[in-house]
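Okay, got some structures for you below.
After this come two complexes, each holding chain A, first together with chain B and then together with chain C.
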Partner chain A sequence: MVAYKPQYYPGNSKIAKNRKKYLDPSYKLKKLRTISDDDLVKLMGHRVPGEAYKSVHPPLEEMGEPACPIRELVEPTPGAKAGDRIRYIQFTDSVYFTPLTPYMRAWMGHTRYRGVDIGVLSGRVPLEARERDLEKVAKELVETEIFDPARCGIRGATVHGHSLRLDENGMMFDALRRFVFDKKTGEVVYVKDQIGVPLDKPISVGKPIKEEELREMTSEYRVDGVPFREDKEMVEFVQRLHMLRTEAGFDPNKVKGI
Partner chain B sequence: MATEKKMFLEALRKKFKESPEEKYTKFYIYEGWKQSKRKKEFVEWGTKLAKERGIPFYNPEMHLGGIPLGQRVLMPYRLSQTDIYCEGDDLHFINNAAMQQMWHDIRRTVIVGLDAAHMVLQKRLGKEVTPETVNHYLEVLNHALPGAAVIQEHMVETHPGLVSDSYVKVFTGDDELADEIDKRFLIDINKEFPADQAAQLKAAVGKRIYQVLRMPTIVAMTCDGGTMSRWSAMQISMSMVNAYKLMAGEAAIGEFAFAAKHAEVIEMGTLMPWRRARGPNEPGGVPLGYLVDICQASRVKPEDPTWVALEAISMGAVLYDQFWFGSYMSGGVGFTQYATCTYTDNVLDDFCYYGADYVKKKYGGFGKAKPSWDLIKDIATEVTLYGLEQYERFPALMETHFGGSQRAAVVAAGAGVAVSLATGNSTAGINGWYLSQLLHKEEMGRLGFYGYDQQDQCGSANSFSYRSDEGLPFNLRGVNYPNYALNVGHQSAHTGIVQAAHSGRGDAWTTNPLIKIAFADKDLKFDFTHPRLCFGKGALREFMPAGERSLIIPSR
Partner chain C sequence: MAKYPDKVDLYDDRGRVFASKVPVEALSPLRNPAMQKIISYVKQCVSVNLEGIEKALATGEVGGKWCIIRGRSLKLDLVKNAESIADSLKSCLQVTKDDDTEVKVLKGGKHLLVKVPAKRLNAGVEYTTGFTATAAALCCTIVENFKVNLWDADLIHAAVWGRYPQTMEPLGGNVSSLLSVPQQNEGMGYALRNVPCAHIALITKKNAMNAAALSSILEQAAMFEMGDAIGNFERLHLLGLAYQGLNANNLVYDIVKENSKTGTLGDVAISTVKRAIADGVIKPLEKKPSGYTAYTTEDLNKWNAYAAAGLLAGTMVTCGSARSMQHCPSVFIYFNDLIERETGLPGVDFGRVAGTGVEMAFFSHSIYGGGNPAVFHGNHIVTRHSKGYAIPCVAAAVALDAGTVIYTPEKISGVVGETLSEVPELREPLRYVNEAAVSIHGGI
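Showing the complex of A and B:
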């Protein structure tokens, strides 16, 4: 039997290749910026830097867990071992050539990280995890190529903006104006945390990625970029999926040759 | 479709006062709620009433801890295929008397056959039933139905000024009988429908005769849908006793009551599972096919089946999304913002006419092609990609439908309506909808919200299923169908998918001919022939509803 090699995603366009790349955990995401651990903690707003993690149960090794084959198979994450509470980070990704779309962000989270719970909406993607695990994951989500400071937002609530036009500085709309464009430095600066509480000091998340670079990095099909209809493999893949689901729902015996 | 012919462009230009193709704009400069005439009115009233009642009230500064609504353009909305522009607030059913009346007119209607009662009268009681006795009975019932006494002494009654919208009419498929019914009581099929539709309807009804009863709007406002068949049955039974000189209380009267309450009754909404805690004649029980038949667009403009479907869609949006999901099921006020996408700004109209043109050119017209995989794939894919590309070509359009669920509903509605038009088969249409959802999700990498997407992930599998716990012919589905119980934002379009299949074929009705005829009634307050125009009048505060209480309250 030939060893299974995951393809991660169908399609043969540039967009499909980017999608495959981001979903493939063996691909190392390029680091583009550095955000200090303390600044990241401040941006998320769940605890004060240096404060101990709050816990919701004692460490697992003190709990005397029952015999369970699943527990033996699955190594708990550090946050689970310690009994951390579950907290979140949430992103809004603009429709204008951002590296990740919501489904890509969610699927990527599932292929790359353990112990995360991710939801997908059109305008936001919440990721929840044990707090110390979350901070580790969040670091990669903000520091690497999958985050554009101007067109991706870290937003706990009032996420409105993914489908709106961009402002005169190329920034995604944010009713709370958590982030602003600093014309002097050319960098995007957060002045409020993700839920909208003002920060003591602004936190820079770096310069926006240039549009021409975003167009190369994006996982969004767009008619003014790479049109979906030109990726015939993609279109036919979805049509086949739909046909198989329909026929199986009507009469599973009709489905042949999968 | 060439850019200059896009149906939505005019509305986009008025909404934003910028080129719809411009990708960049300015935010945070609009003075929040002060940019909106309606919000300013709300503030004025809220301030005044807070003083009067001594309890804090409407105050936009409460929004986001002092960041009010209106950091972006608070855009107006155009009622599609009308010249009416209004603010979003004007399309909330609380602020729109026409929307309220649409629902009240549906809820306060029951249809009750007369044949069982006539059989009891003739065979069991030996009474003669003639057109004259029927006319007399109808006159008695038009006195009694709004809430008046007919056989007892010293009764309380309702004030006619409060219940003048309550009446009974009848219809039959028998032209000879219809000729002998007093015209004041008759829904005349020949007069209300085009000849070909009238012939279809009369053949379906045959020689039977049905009453259409409208309970007072004020009853619909203060009681529930289950009240209607009780109210009508009581007044029918009392009127029978009066009109045919019967003994009050003999066993045969129980049969009138049984016929009027159960055996001959058609409610507009079916009973729902007990966990919904609702009676019959509530929005959640109205099947898609019934709502489509309640809509009367098909008899006034049958030559444009796409327009007919779009009119039905607007009723689905208001009834299912705004009333049912947005209020009965969820509470709160947010769903209006979402639901307006299918009947405003000519967006769905553009997508549907694009699909209709595609079908005409490629498949030779409407209802001419058999459903097949090749057809469903072809039409649903083409219309879906066309719709998505419009959002990408026109950033103002993307901003108008700023929620993914709005875009998903509108794009898939275009695809489903087009497949329905081509095949005359609503189940094929809904299958096209589900293909559209899957294509949309992969194209944009996003769709709606969790609850929206879930139902579309499993929709392909249940679209052709007929097993009782997972499938149903599409016309009979609705929010009472298990997988659609929280199908927010879908049902308006689903209404159009049913309508398009039948209007494309030239059918006079889709699911129940009796319901189609019952709403072909000029005396209804809401205009079911032009629902979008009527909603627009409601938004402009030009619609006069029934159920007003000015007679019994202090004057202002």
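Showing the complex of A and C:
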């Protein structure tokens, strides 16, 4: 094998560099806040803290597996080994300079985590995994720089709000009012879990990241930030790919050295 | 004389070399005798649920669930007499005494695996002969062997054929084939694509390598039949089948192995790019101001085959580590996104697999209904767009699932998958296709 340094992402703008940084698993995401394991479990709402993991099938060791070379080769995740249910955490990211765009969540999730199932929809990005694996992943997703308490929402249902104006406190709209801005502490507090079921005790997810900081760390191209069209290298990349796909569809033998 | 210069090394499902420098055309559905046998068996082999017929006759529940004809029932010991039914059925189906007709009794008489003689299929133009001949012969056999009278013969027909011909397909019938009725094919040449992944996983006894191989053979053979794998596009499909479906040069197995313990989907994409560079399939084109290097290739067909092999390896690592089938559409989209961003070259099938992944993600995650990946096939309205590269990965994902879905492959496939797994060429296609390729490669 040749020595190869992964590139992850093209582009010469600040945004492209941020994208590359987040996609590169060797870059350690900065931890900005601590959410206890129990609070995270409550926020997701799949089980009660301390409750045993429910299972969808017996542990692999007990049930035995079919004779398959790939099963013998590929190490199952701890959750798969135990037969955990597949559960989810879902995020809504505002269009106003949040650290991650929806697609970035999927790309980043697949470069950093193993055995995850991520989907990107118009206003939400679910990440599904075996329950105990999910909890590990979710912790990093909520505690680090890729989560802004005011502009990223943990929303299992009624996710609407990503494209709406921010309110007077800089918070993204949430029809279920799962999170509120605590003016006394300046922190964002979840009063409902991701589905909208009221929590016994509010859970603070910390102070919103400042606008100027968000503009530096965002991976969103915006006309009032760094417009996509100003990143010439990125535009060239997209146009080239479009050209190659189209030409290959006409005759793959003619696409040579371009 | 070979049409194409490509030669590959053949490996088995455990990464052991089987033969070296075999022309890729020896792995073509047009040339490989084992592939042709597989395609023939798909048409010839039919499964019969004798237990189902016995139950339908006893209860009068014929032509679909809850469709009970009150006052009509027949108590016939079909399962107990499976051996004699099999003998009579065989002689009814035979064209000549020494032809290739077979009727095998399985599960203590509950099921029959029937192989209709090729002569019957050759005398017609439709693949449905396998089904129609078996169903009709079975009706005759039951009527004869159990001395069923004129007034009860219609019930036998309904228990065997189901509600057909009132319905387009044999609804509630107890004879089934891998192939659906022609009216259910999305277009010309789609027949071999209309096989749900649940069947494929069960036929291959959930061996992910063989599941991918069988699915790839059916999909890519269909590409020839549909008019896709011809002229400028033939080599594209031949290489895709060899590298993705048949583990040529051990590419799939090597990449899975490299990422088997801790690898992510992103790592698999990078392993694929590394291997493509090392094998001289792609090379740097130019360095951009940011330091990003765009890659190019002199052989886009081979790059596509490498990317397709990487896609299958990515599915095996992701769905394999989670032991869950539902991850496959996410792999389709993001493996391609990541490998395109890594190289600047188009992803598998030049964007069509990524598009297929978007649709499949919606229809396999209860967003717009649909079902779990086990019900999908290459003829499915949301997964037909990739030309043979997506469905083999779905079949592998279904094989790797440890039991995360409500409607299991066993439930979806019913008797068909279980009975057809008795056919060695269908159960272990990699082995038989490799052997056949070696046997003919001198002639190519």
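One rule holds for everything that comes next: the second predicted complex is superposed on the first by the 255 of 258 C-alpha atoms of A that agree within 3 Å, B and C clash if a C-alpha of one lies under 4 Å from a C-alpha of the other, contacts with A are read in each partner's own complex, and residues count from 1 in each chain.
By our rule, contacts are C-beta pairs under 8 Å (C-beta built on N, C-alpha and C of every residue); 3 or more make two chains touch, one makes a residue touch a chain.
Predicted, not measured: the structure shown is a model, and the values here were computed from it.
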Exercise. After lining up the shared chain so the two structures overlap, which partner does A:103 touch, if you call chain B first and chain C second: first, second, both or neither?
Worked result: both
For this session: Name the contact category of A:123: first (chain B only), second (chain C only), both, or neither.
Result: first
For this session: Examine A:65 and indicate which partner it touches, taking first as chain B and second as chain C; both and neither are also allowed.
Result: second
Exercise. If you stack the two complexes on chain A, which partner ends up touching A:241: first (chain B), second (chain C), both, or neither?
Worked result: both
Exercise. After superposition on the shared chain, which partner residues are touched by A:249: those of chain B (first), chain C (second), both, or neither?
Worked result: both
Exercise. Just chain B (first), just chain C (second), both, or neither: which does A:12 touch?
Worked result: second
Exercise. Which of the two partners, first being chain B and second being chain C, lies in contact with A:170: first, second, both, or neither?
Worked result: first
Exercise. Any idea whether chain B or chain C touches more of chain A?
Worked result: C
For this session: Starting from the residues of chain A touching chain B, keep only those that also touch chain C in the other complex, and list them.
Result: 103, 119-121, 241, 245, 248-249
Problem set entry | Touching residues on chain B, where the partner in the complex is chain A | 22-28, 64-65, 67, 71-72, 373, 377, 381, 385, 388-389, 392-393, 395-396, 398-399, 401-405, 407-408, 431, 434-435, 438-439, 441-450, 453, 460-465, 470-471
For this session: Report the residues of chain A in contact with chain C in the complex, numbered from low to high.
Result: 1-2, 4, 6-12, 16-17, 23, 25, 56-57, 60, 63, 65-71, 73-77, 79-80, 83, 86, 103, 106-107, 110-121, 128-130, 133, 233, 236-237, 240-241, 244-245, 248-249, 251-253, 255-258
Problem set entry | Residue ranges of chain C touching chain A (in the complex, touch as defined) | 13-15, 205-209, 232-233, 235-236, 253, 256-257, 260-267, 270, 273-275, 277-278, 285, 288-290, 292-294, 296-301, 304, 316-318, 320-324, 326-327, 329-330, 333-335, 337-338, 340-342, 344-346, 350-351, 361, 365, 367, 396, 399-400, 402-404
Seminar exercise, completed: The answer for chain A against chain B in the complex is residues 19, 95-96, 100-104, 119-123, 158, 160, 162-168, 170, 173, 175-177, 196, 219-224, 227-229, 234-235, 238-239, 241-243, 245-246, 248-250
